[in-house]
């Protein structure tokens, strides 16, 4: 993914050679290609640097488009032709460290004025007292921003969008007719931890957070930006308060999400799915079109289109309810059971 | 419920006739009554407009006091005498659209100054730097407001109340000796989604959020305003961080709520009830006086006074514990079971 | 624990005698010792006042170092020699009331200017627009503070630390290279409720919140300050969004905590433990070194070093999975079960 220059600055390291030099990696291949972005190994695009770690059988999935890839010595033969290998003992950490140095997120803390002079704010937009707007940000007509909300550098906001007070947005593209309630956090770094020589290290995040038209996001909810891809919430999806949408998630259209949903990294939720309160979804899971998850479900596998699941670990709701009823019946305690109506 | 003019402006549409005209509904009945508010079909008061959708058997519950009610053609005969019928193919959506146009929430984004000149702030109140106070808001003696907190238009706050930094309040009435910790969100729109012709639509919320005397609300917690009624937290109720109190909830006095409680719309929690950490309560449920919910309980039905429930779906705690123990015993794995003490 | 004068002022009551007088307690013992802090009964240090309630057998654990202790008449004989007894019908409430009067948290609402003149801000630190910094706070070199964030009086922040927008910190000591994401709340009062004559009363909190070097804390997460001790998050521990770390918790080094963790009061989590999403831990529990808790686990007892637990109530993960599989098999519904792969 090419770095979005509205949100990130590439500082110097714009060739594979520079990445090799900066990271101390041994460079096998052409080594002079232009670097314009970073990516995941399997989806890296032209100009991207990536890293590979893991079992050798995964080498086949390395993108042939990547400019360069950090790998360990033992894996160098598996790097596709045309992709420069950057050989390092710790490919992931070397990549993270170099990427963090080469790509710098623009920060609102660099500016002295509340509304940056380069921000493009439509005359019909309304900004409450204390609103801060970063360099290069854009705010459309009839959009309303609540008091003390912070719009980071480069953030683009459409028309007729309403943002509550004390919210903060960065690395974000926001559509038209969006509602973002008070205290929501959009575009923060996702959560990823890698073991390093001195202990736990944060994984950097270079993607964006995108809320399409007519999305509603509840109070104090969070939508993290992607790692190497974008986090996207599709048109007319509606999320309640306290929802967590982690890095790289893809929510479709008309997805309805009740409070306290925990949608882990790289989850896909297809159009029209409905998530009850406090649903948890493990990373990389896909929830099918029109699927429904009962309140408090914890799902660790893909949910087929149109099915309703519940329980933890999640299972088809009828199965879950059968298990609940069977257990209640068989665990005895007749008097109590008699007091319980059957629909429980 | 009459619209509270401290929080909402009624723009023009102050007769049933105007609502019919504005929404394109066919008006059957007198059609000239004054409109002063909106309500739910069953509890609408004089001057209220409401809507009815659903099975015909529900028609009997329509309030005879309502000024007018949006209904489909097939239900017009069921509308009580004296209530004007506003006939529309999509009663709910027509009502929502018209109500959203006719009743506008006052917004802090309309003002340029941090402290509005019409705000009534007691000279003994203390406001931190960056605090924003809306038009017509009132703040009592010895009340302390943390830095960068936003007090919306018309919000009334009593005496000796303490509000932390970066909180936001709107459409809210706050008593004396209340504590609201940092980042709490009070009076945001509740979560409600209705299907519309273009996809999911938000339900509008015209009620208020009320925190009575001596209430404590934890950091980053949310209390949404009601839809057509108020959300109320009774005297001396104490809520931890990350609590969600949805629209129309009624919490009694001395209710104690640990972190991550998810109290869904229109839930009633009676005096002295205690909710453990991460309790979830489905909408319209009543939790009885002095009832207790064990940590992580997910309840979908009314809880009788004084009882203790746990598990998901919630059941009396002894039954839940018996089921847990029975399952552990019968699922085998003797060696592991032996390692487990019995009190688990 | 001696009161940290950076965060709290002791107003007058600096002798045991003054505490007796102020609270109306009957003073048995020397009664003239200096009071410099408050503590829990069992861990009170020299100069501390504490309270004792409960069964008489607990009297033996009262710290012999305490300056004075509130007790009921019946327990006065159990107070250690050298500790003054402050006899009161309601020891806890008397102590809370007197402590709350005698020890006042410094508040940002007392200052008019955004950046207090006594704050020590390194010239290489960057503060975004709208940042508020309290009296006596210190911010180290190359530290970056996001817009509209509030740094309370006396808060100490190290070097190269990055704090997002709209966060708030008070009663906090923050190390070097720490990352605190947007909307995080650090150092708020913990949650504690005691029954009083008029209903529920909040327990006061006089401790601090400490984040050691290289800690990362996710967006909208909360770390409460301790009651009489500190809440501590050890070096390189990494916490996701929506994490709750309650008063007095002690997290070790390299602890990894996924979103929605609910870590109750006085929990200990040892080095290298990993908590999956939405893990709940009951108060006073210890999670052992390198232990792992599966997503959604709810644990009510100590977890041994290195073990992996899951389920609610928590049990060793193999046991939990065996129970899940056994229940699924025995509750019947063959057709559905056949559709389910076995790894679930």
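The letters A, B and C name the chains in turn, as written, and every chain counts its residues from 1.
By definition in this document, a residue touches a chain if its C-beta (ideal position, glycine included) is under 8 Å from a C-beta of that chain, and two chains touch if they have at least 3 such contacts.
All figures in this text were calculated on a predicted structure; none of them were measured in a lab.
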item: Same-residue or different-residue interface between chain B and chain C, half as cut-off; value: different
item: Fitting chain A to chain C on CA atoms, where both chains share a sequence, rotation angle to nearest 5 degrees; value: 120
item: Separation of chain B from chain C, taking each centre as the mean of its C-alpha atoms, in whole Å; value: 30
item: Sites on chain C at which at least two other chains make contact; value: 130, 148, 166, 183, 220, 242, 260, 278, 312, 327
item: Contact set on chain B toward chain C in their complex; value: 126-130, 144-148, 164-166, 179, 181-183, 214, 216, 218-220, 235-238, 240-242, 253-254, 256, 258-260, 277-278, 295-296, 312, 324, 327-328, 330-333, 336-337, 339-341, 344
item: Chain A contact footprint on chain B (complex, rising order); value: 107-114, 130, 132, 148-150, 152, 166-168, 170, 183, 185, 188-189, 191, 193, 198-200, 202, 220, 222, 224, 242, 244, 246, 260, 262, 264, 278, 280, 282, 298, 300-301, 312-313, 315-316, 318-319, 322-323, 326-327
